[in-house]
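Note that chain A is present in both complexes that follow, paired respectively with chain B and with chain C.
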Partner chain A sequence: MSVRNTIRALPALFRVGVFEAVAYRAEFLVWVLSTTMPLIMLALWSAVASEAPVGRYGQPEFVAYFLATFIVRQLTGAWVAYEMNFEIRQGALAMRLLRPVHPLWTYAVENLAALPMRLVVALPVAIALLVFSGASRLSHHPVIWLIWCAAMLGGWLITFLANLVIGCLAFYMESSLKLMDVWLAIFFVFSGYLYPLELFPPILRAVADWLPFRYQIGFPVELMTGAHTPAQALLMLLRQWLFVALMLGIVTLVWRRGLKRFAAYGG
Partner chain B sequence: MFRYLRLLGVQLRASALLSLQYRYEFFVDGPIEFFWAITMIIPLMIVFQGRTSVAGWTLGEALVVSGWFVLLQGILEGAINPSLTSVVEHIRKGTLDFILLKPADAQFLVSTAKFEPWRAMNILTGIGVFIYAFHLLGRPPSVLGLLSSILLLATSSLLLYSLWILTVSAAFYVVKVDNLTYFFSSIFDAARWPSSVFRGVLSFIFTFVIPLALMTTYPAQAMLGKLSAATLLSAVIGSLLFALLARLIWLQSISKYTSASS
Partner chain C sequence: MISARQLRKHYQVHKRPPGLRAALRSLFHRTYTTVKAVDGISFEISAGERVGFLGPNGAGKTTTLKVLSGLLHPSSGEVQVDGHIPKKREDAFLKKIMLVTGQKQQLLWDLPPAETFEMNRAIYDVPIAQYRETVSELTELLDLSDLLGKPTRQLSLGERMKCELAAALIHRPKVLFLDEPTIGLDVSMQAVIRAFIKRYNERFGATLMLTSHYMDDVAALTPRVIVIDKGQLSYDGGLDDLVRRVRPEKRVALTFQSKVERSTLERLGKVVSVDSVAAVLQIHQDAVNSTVTWALANLPIKDLTVENPPLEEVMSELFSRSRAAHEQEAAQRGAA
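The block that comes next holds the complex of A and B.
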C-alpha cells in the first residue's frame, strides 16, 4: 500500500464513485431530500421573525443563514457509518481489504465522488441565496472566503471521521447505528443546523464552542454570512483542525484494533 | 377476521420473544429516549426565548405538539418501521416470494412481521412531556378533549402507516432505496412543530400531501380543546381515504413485482 500506488489509484476510484452516484440516482435523491431540514427551519424561523426579529436576526438574515446551512450540509455530508455497518455485518468489507489501497482511502474518495452530484443540488440554492439575500448579507472579505474553503474541508473531515469512528465500532457490536443516532441528536442541537448558535444562551454557547459539532456546520455558515472578523475566524479554524487531528487519531486507533476482530462472514 | 387477529397475536408473540433476547436494549434505549426528548425540547426553548407566543402557540401548547410527536415516533419506530424496512429488503433480494405464497393477505403479513416492544418507552416519555406541558399551561385537559385526541391517535397512526405503505410501494419501482427509513424520519421531523408556523406551499404540502398537520397538530389541538367537531370529522374521513388510497397503490405496485434473483 505505498503512497504512490494510492495516489495513482485515486482518480480511477473517484471516477467510479461519480458513476455510482449517477447510477443510483433515486437513492441519491433520497439522501439529498433527507437534508432539506434547513429549508423547514427556514420556514419556522421566518414565521418567528415575522412578529419581531430575534437578536440581530430578522427574516432576511434567517433566509441567508439557512440557505447557507443547506449548501454547507450538502457539500460536507458523509454517511460512511451506514456503509461500514452494512459491510462489516455482511462481510463485504473483505472485498475492500483485498484491494491494494487502504480502505479508509476508498471510503473517502467514494464520499467525495458524490460531490459533483451534490453541487448540482447546491448550486441552485447558492444562486437563490445570492438573489434573495443579495450580496449585502454575505461576507465581502476575500480572506474570510479563503478561510471558508479550509473550513469546508475541515467540516467535511470532522463529519467523515466521526462516521468512520462510529462505523469502526460495528467491529465491536452488532450494529453501531444507534450510536449514530445519538451522535446526530447531539449534532442537531449543537451544530447550528436548527438555529444560529448566536441565539443560544451563553452557557450552552460555551459548551458548543468546545464540541466538534459547530465546526461541521455553524462555523462555515457563519463565515459565509460574515459573522466573524478574520482574526476570530482564524482562531476558530485552528480549533476546527485540532478536532480534525484528534478524530484522525481516534480513527487510526479504532480501525487498527477493530480490524483484528473482523471475521468476514459470508462475503 | 378472527384468523387475522390470531395471526397478529402470533406475530406479536414472536417479536416479544425476540426482544426479550435483547433485554439489554431496554436499558440502552431508556436513557437514549430521555436524551432525545431533551434534545427535542431545546430548539423549542430557543424559539420561545423572550417571547410568549409563536404563530399563535404558547410554549405549553407547542410542547403538547412535541409530546404527540414523541408518542407517534414511538409508534413509527416500534410498530411500523421495523416491519416495513424488512419489506424493502425482501423486495431487493427477491425473497418477497415466500411471503406472497402464504395464504394470507400480503400487506397484512409484511406489516406485522416485526415489532420492537421496547419502543413503548416513547409513550412514557410522551406522557412526561404532556404532564410538563399542562403544568406550564396551569390547567388539565378536558375529558372530551382527551377522548377526541385518543380517536385522533388512531387516525394519526393510520396515516403514518399508510404513508409508509406508499413509500414501500415506491420500492417496487426504484429498487435500491435502503435509506427510505432515514428519509421518512427526516420528513416526519417537521411534525414536531405546530403546523401553523408553516405557510404557503409548505403548509399545503404538510396538510394535504404529507399530512403532518393531521398527525401531531390536530391531536394536540384536540387535547387543548381547540379543535372543532367539523375538523375532527374531516380528519377522520381524510385519513380513512388516505389509507384506502395507500391500499390501492400497494395492490397496484405489488402486481408489478417481478421477483429478483430467485
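The block that comes next holds the complex of A and C.
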C-alpha cells in the first residue's frame, strides 16, 4: 500500500466517517451518556473532599481533575477492537482488504471522524472547567500546553493501537473481546480515570508509571491541572511515546501474521 | 491474464461432537482436521474471457476467487493475475480487480450509495471527468437515478445489488470476480444484472470469472466453464462440450395434429413425457438428424424443436458422478 495513495484518500474517508458519525442521533446520545463516568466520580470525590481534602485534592481540585478527565476521554477514546473483532469473524474485513488503502488507516480515520461530534460534547465541559474551577487550577505554563498537545495525540495512539492489537487477536482466537474486557478492567484501575493516581500508595504509583494506561488518560489530565514541571512532563512524554512505539511494533506484527490466517468466512 | 498452478488452500478446523461433555473436553483438548478447500487446481484464463466457475456447495469456488483477489494466502501453488501475485495486494493490483459477492457488501450501510461512489472515486484516484461519465452511464444502464440518494439500508435486495455492481465498477476494473451476483434476486432483476455484466465485459474487454448456482447466469454469460468438486478440477472447457459429454442426448419436443401411440414414440428414443398431442423425447445426438427426418415424414407433426437438456440436470449429473468417483476412490484407499 503506498502512503501517497492512502494520504490522497484520507479526506474522502474522513468526510464519510463524519457522515456516518452523525447518521444515528439516538446512538450518539447513548454514547455520550456512557462516557459520563468522570462526572459521577466528580460528585463522589467532591462529597468525600467536602469534609477534608484528600491529599492535595480539595473540592475545586477534584472538579478540575474530573472535568479534565472527561475532556481527555472524549477526545482520545477509541473502540475499534469491537468493529475489527466483528469484521474478522464475519469476513467483512474482506471489503476493506480489496481497496488500495491500508485497512488500519481506514479504521483510524473512521475513529478520528467522530472527533467533531465528540468536540460538541467536550467543548461545553472545557468552558465549564474554566468557569467552575477557575483558571487558577489549570496549568499556566505554555510549554506544558505544548506537551499536552503531544500527550493527547500519544494518549489517543496508545488507546487506538491497543484496540488494534486486541482486534487483530481475532485472527488467532475465536473472539478477542474478552481480552478487551480485561484491558478495560486494568485501564480503570491504573489510568487515573476513576481517581487521581497521586492518591495511590507509592508502590502502586510506581507500577502505574510502567504501564501504558496512565499515559492514555492520567498523564494529559495531570498536565492540564498543573501537576508536573516542564522537565517532569518531558520525561513522561518520552515514556508515553515509547509505549506508542512499542504498541506500533506489536500491531505491525499481529496484523501481518494475522492476515495470513484470515479466512474471509461468509460469502 | 489469470493463471493458477497447483493451487492449494487447506484449513485447520476445530471439530467436536455435540453435547456438554464434549464442549468441556474441548476446553482442554482440541482436535483439528484439515479441510482441503482447494486441492491442486490449475487453469489459465485469457484477457477478456468470461468463465463460469462451477461446483456444488463447498467445492472450493469462493475460496479460489478469494485467493485470486488477494484475500486469502494460498497454502501452496502459484497464482498470478495480470502479472501480479494477489497475496501481496499491491495498489496496482487492487486497482485492476474487483470481487463482487452477493452476500457481502461494500456499500456504506447508513449512507446513500452516492457517498460510496464518491469515496471509491477518491480511493481509486479516478479522474473527475471519467468518474462523471461512468456514474452517468451506470445510472442509465442500471436505472439507479431514484436509488442514489436513499440510505443503503432502505434499499431492497435487488436495488442494493445494482448499486453494489455500480460501486464495484467506478474504477473500471480489468478483472471482475463475481461470486453469486444474482443470489436471491427475482427473475427480471437477474436478467438485468446478467445483461449489464455482459455489456461491461464487451465494452471494456474485462476478464470475468463468475460463480453461480443459477444455470441461466452461466448459459447467458460464460461460454467456458471450469468445474471443481471437493477442491479438485473436474472439467475445463466449453459449455457446449460439457453438455455433450455429460448428456450426449438432445431433447426433441414434438406437437402433433392428432394422437400418436406411445409405442411408436418409444421406437424413436427415450420418452421423457407424452400426452395426447405432445411429447418430449431424449435422443442421442448422433441419431437426432435421422430421427427428426423420419418423424417429419411419418408422423402428423405440427411443431418440432430440438434442445439441449436443461443445464441444471447436466450439472446435477456431473456432480453426482464426481461424488461417486470420490467415494469410490476413498473406498479403495480404505481397502488398501
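To be clear about the criterion, the second predicted complex is superposed on the first by the 266 of 267 C-alpha atoms of A that agree within 3 Å, B and C clash if a C-alpha of one lies under 4 Å from a C-alpha of the other, contacts with A are read in each partner's own complex, and residues count from 1 in each chain.
Criterion: contacts are C-beta pairs under 8 Å (C-beta built on N, C-alpha and C of every residue); 3 or more make two chains touch, one makes a residue touch a chain.
Quantities reported herein were computed from a predicted structural model and do not represent experimental measurements.
Trainee: In the superposed arrangement, does A:A52 touch chain B (first), chain C (second), both or neither?
Mentor: first
Trainee: Is A:D209 touching the first partner chain B, the second partner chain C, both, or neither of them?
Mentor: A:D209 sits against neither chain B nor chain C.
Trainee: Tell me which partner A:R8 touches in the superposition: chain B (first), chain C (second), both or neither.
Mentor: Second partner only.
Trainee: Answer with first, second, both or neither: which of chain B and chain C does A:M95 touch in the superposed model?
Mentor: second
Trainee: Is A:E20 contacted by the first partner chain B, the second partner chain C, both or neither?
Mentor: second
Trainee: Please write out, lowest number first, the residues of chain A touched by both chain B and chain C across the two complexes.
Mentor: Common interface on chain A, chain B vs chain C: 24.
Trainee: Quick check: in the complex, which residue numbers of chain B touch chain A?
Mentor: For this pair, the touching residues of chain B are 28, 32, 35-36, 39, 42-43, 46-47, 49-51, 54-55, 174, 176-180, 182-183, 186-187, 189-190, 193, 197-199, 202.
Trainee: Once bound in the complex, which stretches of chain A touch chain C?
Mentor: So the residues of chain A touching chain C come out as 1-2, 5, 8-9, 11-13, 15-16, 19-20, 23-24, 91-92, 94-95, 97-101, 259-260, 262-264, 266-267.
Trainee: Looking at the complex, which residues from chain A come into contact with chain B?
Mentor: Touching chain B from chain A are residues 24, 26-27, 30-31, 33-37, 40, 43-45, 47-48, 51-52, 54, 82, 86, 178, 181-182, 185-186, 188-189, 194-195, 199-201, 204.
Trainee: Quick one: in the complex, what on chain C touches chain A?
Mentor: 11, 62, 66, 69-73, 89, 91, 94-95, 97-99, 101-106, 108, 110-111, 115, 118-125, 151, 179-180
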